[in-house]
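Below: one structure, written as structure tokens.
As written, the chains take the letters A, B, C and D, and residue 1 is the first residue of each chain.
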């Protein structure tokens, strides 16, 4: 019996509709660097979904690359970016932000999230510090939605954060590596149009949500910095065959494919959650999206590990470990059932 | 009648064998970041082709990204990279090298090539300049093969350059964006094993030679800098689904696919060349690879432009323009014939 | 009556012997960039004081510049520097370290100090994290001595830290902006020769210890990175008239001037401490060097502020504030007495 | 007899009035980082001399540091700075500009100068190149006045350059390391007020013109980028005891000291020039400032070298060498006479 795979949401290729679209256009000569008609069409569909007819939309290949390029493009050189201390840019991007000269200014997280109060306190403290001109200025705010812990901002939380950002004229940037799973959660009141209204820039993740690879950066008010394409090139982030990204996003945003496959992953996660719960497993926290965090006894962990792939998250105590199970657009009901049977 | 496309060698997708391999493995869970078995297998095949059992091989997505990451990984911070003034890193990468803190030190080119004499003179001049400690130290040498003009180093030229580099302990780096077309030229004595012996690092281009995207960096003596994978991550150059690159290169280096499709492009280029020549067109220079540079009368240029895509290269005089026609793995004999009929 | 000045140890010029030496050599033509005989002589004296005949010694202008240049010269690009979260490089250098591409990896401080245990735990955790290749590698350790809180490492603490660093092959760097005051404390067992033995690089601060400006970087085992002078130039840290630094350090290390004036500042601080203590003031922590931290009632603070300069440190509670009084080479006994009379 | 020194204009300390001012204020407590009254007074005097009541003025320590900080503060990350290929930033600053991520875009010089026509041609070519979005955008123009060859822009030349810059919205930056010698040349029609009008930022050099060290950056229209002080700090370019710079410039701009000592150097250079000419020496080019370039027979050169310091510039042919003699604020008539006697 083949080992089950719940390690992450990027262990498989792409939704078959996407593969078919790529194959169908394979021999068609197309102009490079995002200037082709598929990119244009994908941009238009994304604008429509966001309710932002003037949005600037760019396609990049991966998440770290996108974070690095977007953040560097918006910060002045003496500015840093505020993030939760658990934020991906702070921990797991090998210093890609610092590499471009900018400090990541960390604040304590609450289940992976920044709070409006925490942000305001920090900003008040910074500007009232008489030595602040010797310190890194906050220049932007980074959040992920879903967060690295699978949690989601409520609309109220997001509005409050956005309010503080606007008060201090700081762009609010949302890392949407798993945005589809956030939007399709059973337990969210945040829609794509809310994000477009409350954030200054965000990206719609493809790599983890059904594309082979690719992330769509959206500047909802047409507020991309001048020559963003050149900035992408300078960061090694401009794909020569840009249409590969255009075709994928054009396909994801036709017939709601992006939302349908995201919803499917959420349904699979909910099944899993229900099963875990019924079998009496302890959750590390309550995640409403496709990443589920369990506390396992180490003995159980060792036993399970032979039959199913999951991710070690952190040690809880001598006898227990926190682990992560992730569903994705590709997870099947049968796989979920097999996993539950193993528990 | 559909417009002909000879603009470049990256206007189409991938060889169909590659697409099939990608589709065939689409639902198979694979571990990320280049740790999967396809990457391992592709590495092994590349090592065999290069005659370098100890080579370190890494897969990246695109050319500028590869140049930026490799060069930055090998230079110390006070060093720059020597390149021909026509070199891609000097002109068309939006300052990606400087962005990582390193100057591109340019020398005059000869048909896109550096000469061993030119290099030696520069190095002698540098180290005999009593102010050289106030200048950027040369730390590496960049060449492209084929060059931006389609030309190739002879084995003698490459050996001479390599000799100067070794005398001064400078790594020699070959940008092989179009390496296949160079290796399969009718007019070359440089084999992959020569490159592996004479260069310290090079990349085997996939994007322009039959892959959807991807470049394989080879450190032939196992001489990759420590933690090159982390350096890739830091530059936003580590593809999450690394197996997409592994599958492609595994496929390109099975059954000599890489060489067969490169040879095909060369044959198409030779047909074109013969046709141009027979029709009395003037060549801007003699290119033995898939890029052919012609001098066109402006009137002819305007007329052709409606029926066929090609690249403007530079103005020659008031009445003439240099243009580039490129063949690729995807060019058909029928397309070449149709182009020749138009001339 | 003139306002008293205890804000910091860099509010006045230089010891008069230094001014005289500068004036005495003013019209003498000297070669630039640290190649003059005064720099050579100062280097030799410093080597002797450190007990390191092979030390490499370089003179820079200021502290942030020195930290930036030294740290950047020793880290590989994928590495960061470990520091206490209160470390100057982490908080008050406007991101100068990140600007050169390196993350400051912070650990919790204990009275401004790193602990060997804390460091070891962090390093063990880092290397046992299976995702550590996606994170910033620790590449160096930064400590200040005295710390930003005026505290000192004991020889045992310093040895333990150095031991962990060597176990992990991490250079240990000591920021000695106020080193003289540390060495001359009544309460230290750490000598300059211990520092030379236990650290891999450190600087002897001049700006805050009697020089007009200037810091002497010491690589005690002749272990400066290649072309450190060029690295200085590249960072804008190579003073054209390098002899201005040479003359100052030559003077500071003739007849123990550096130690005598440091001792004087310590004696003044001890007087202050005794006075504060006798008058029943609360100390924020026990500092054995020239910076003294008191807890003042806000009412007292407002009153004092009119007559004496001191530094606001942090709010303690609604009614109390932590403030800093600093003595220096230039503080007189009469000034200390006047301050005590005001309390 | 003591060896004569004509190597450069920074081989001696400072004008004695400056030394006296520094000594006179040595024990006076002053606030740091340029917030003291001497800096304020010096700023006001400079504004008056420039005829720019709203100018922002900052004091830095040295030339490379100043160029790096100013250029980096004004460029966006995808922009480079245009300079003559002989420009100091291009050749002799160890890559300090590239280190901050920006390419130096070089144009051919004419006696060290950029020409308005050359600049316009380059800019027209750049923006009409259909691939320019893949290239480094020109973002600023660097000139030196006097140039590295001692030459000067005429007012007409400077106006023409400034016109092209404004047409393309590029800030024009003048490196005035030797500005005093330029302003006091017998052969110039460019005044400080012209520079203030035609340039967007420039610096008034102190290090080479009578100060111990220091350069005054002027943004004549109050057009300094936000938080320039923090940018200075981030570059390690903010002197803690900023008043050392303030006192020096306050002194240089009291009673026209800066202009008087510059004029003196010019007079000495003219004496030298006249002497060289009368003795039949060949000039490499006609310099109207304090740097004089001669063509010497190698035999004569070797002979002279024992008695007088001068700078090797470049080899002319097998038998001849170009050398530089520099006068300064500190050169005496007797020294000039002794040099002429040696020829």
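Definition applied: a contact is a pair of C-beta atoms (placed from the backbone, for glycine too) under 8 Å apart; a residue touches a chain by one contact, two chains touch by 3 or more.
Keep in mind that what you see is a predicted model, and the values were worked out from it rather than measured.
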| item | value |
| --- | --- |
| Contact-pair overlap exceeding half with A-D, pair selected from B-C, C-D or A-C | B-C |
| Furthest chain, CA centroid comparison against subunit D | A |
| B-D or B-C - the one linked by more C-beta pairs in contact | B-D |
| Rounded Å distance between subunit A and subunit B, as computed from the means of their C-alpha atoms | 34 |
| Rounded Å distance between subunit B and subunit C, as computed from the means of their C-alpha atoms | 50 |
| Centre-to-centre distance between subunit D and subunit B (centres being mean Cα positions), rounded to whole Å | 42 |
| Set of subunit B residues in contact with two or more other chains | 77-78, 93-95, 99, 101, 133-135, 230-231, 233-234 |
| For the subunit A and subunit C complex, residues of the former touching the latter | 77-78, 80, 91-95, 98-104, 130-131, 133-136, 312 |
| Interfacial residue positions of subunit A with respect to subunit B in the complex | 5, 7-8, 10-14, 16, 19, 22-23, 25-32, 61-66, 68-69, 93-96, 99, 207-208, 212-213, 230-231, 233-241, 244, 309, 330 |
| Residues of subunit A touching subunit D in the complex | 72-73, 76-78, 101, 133-135, 137, 225-227, 229-231, 233-234 |
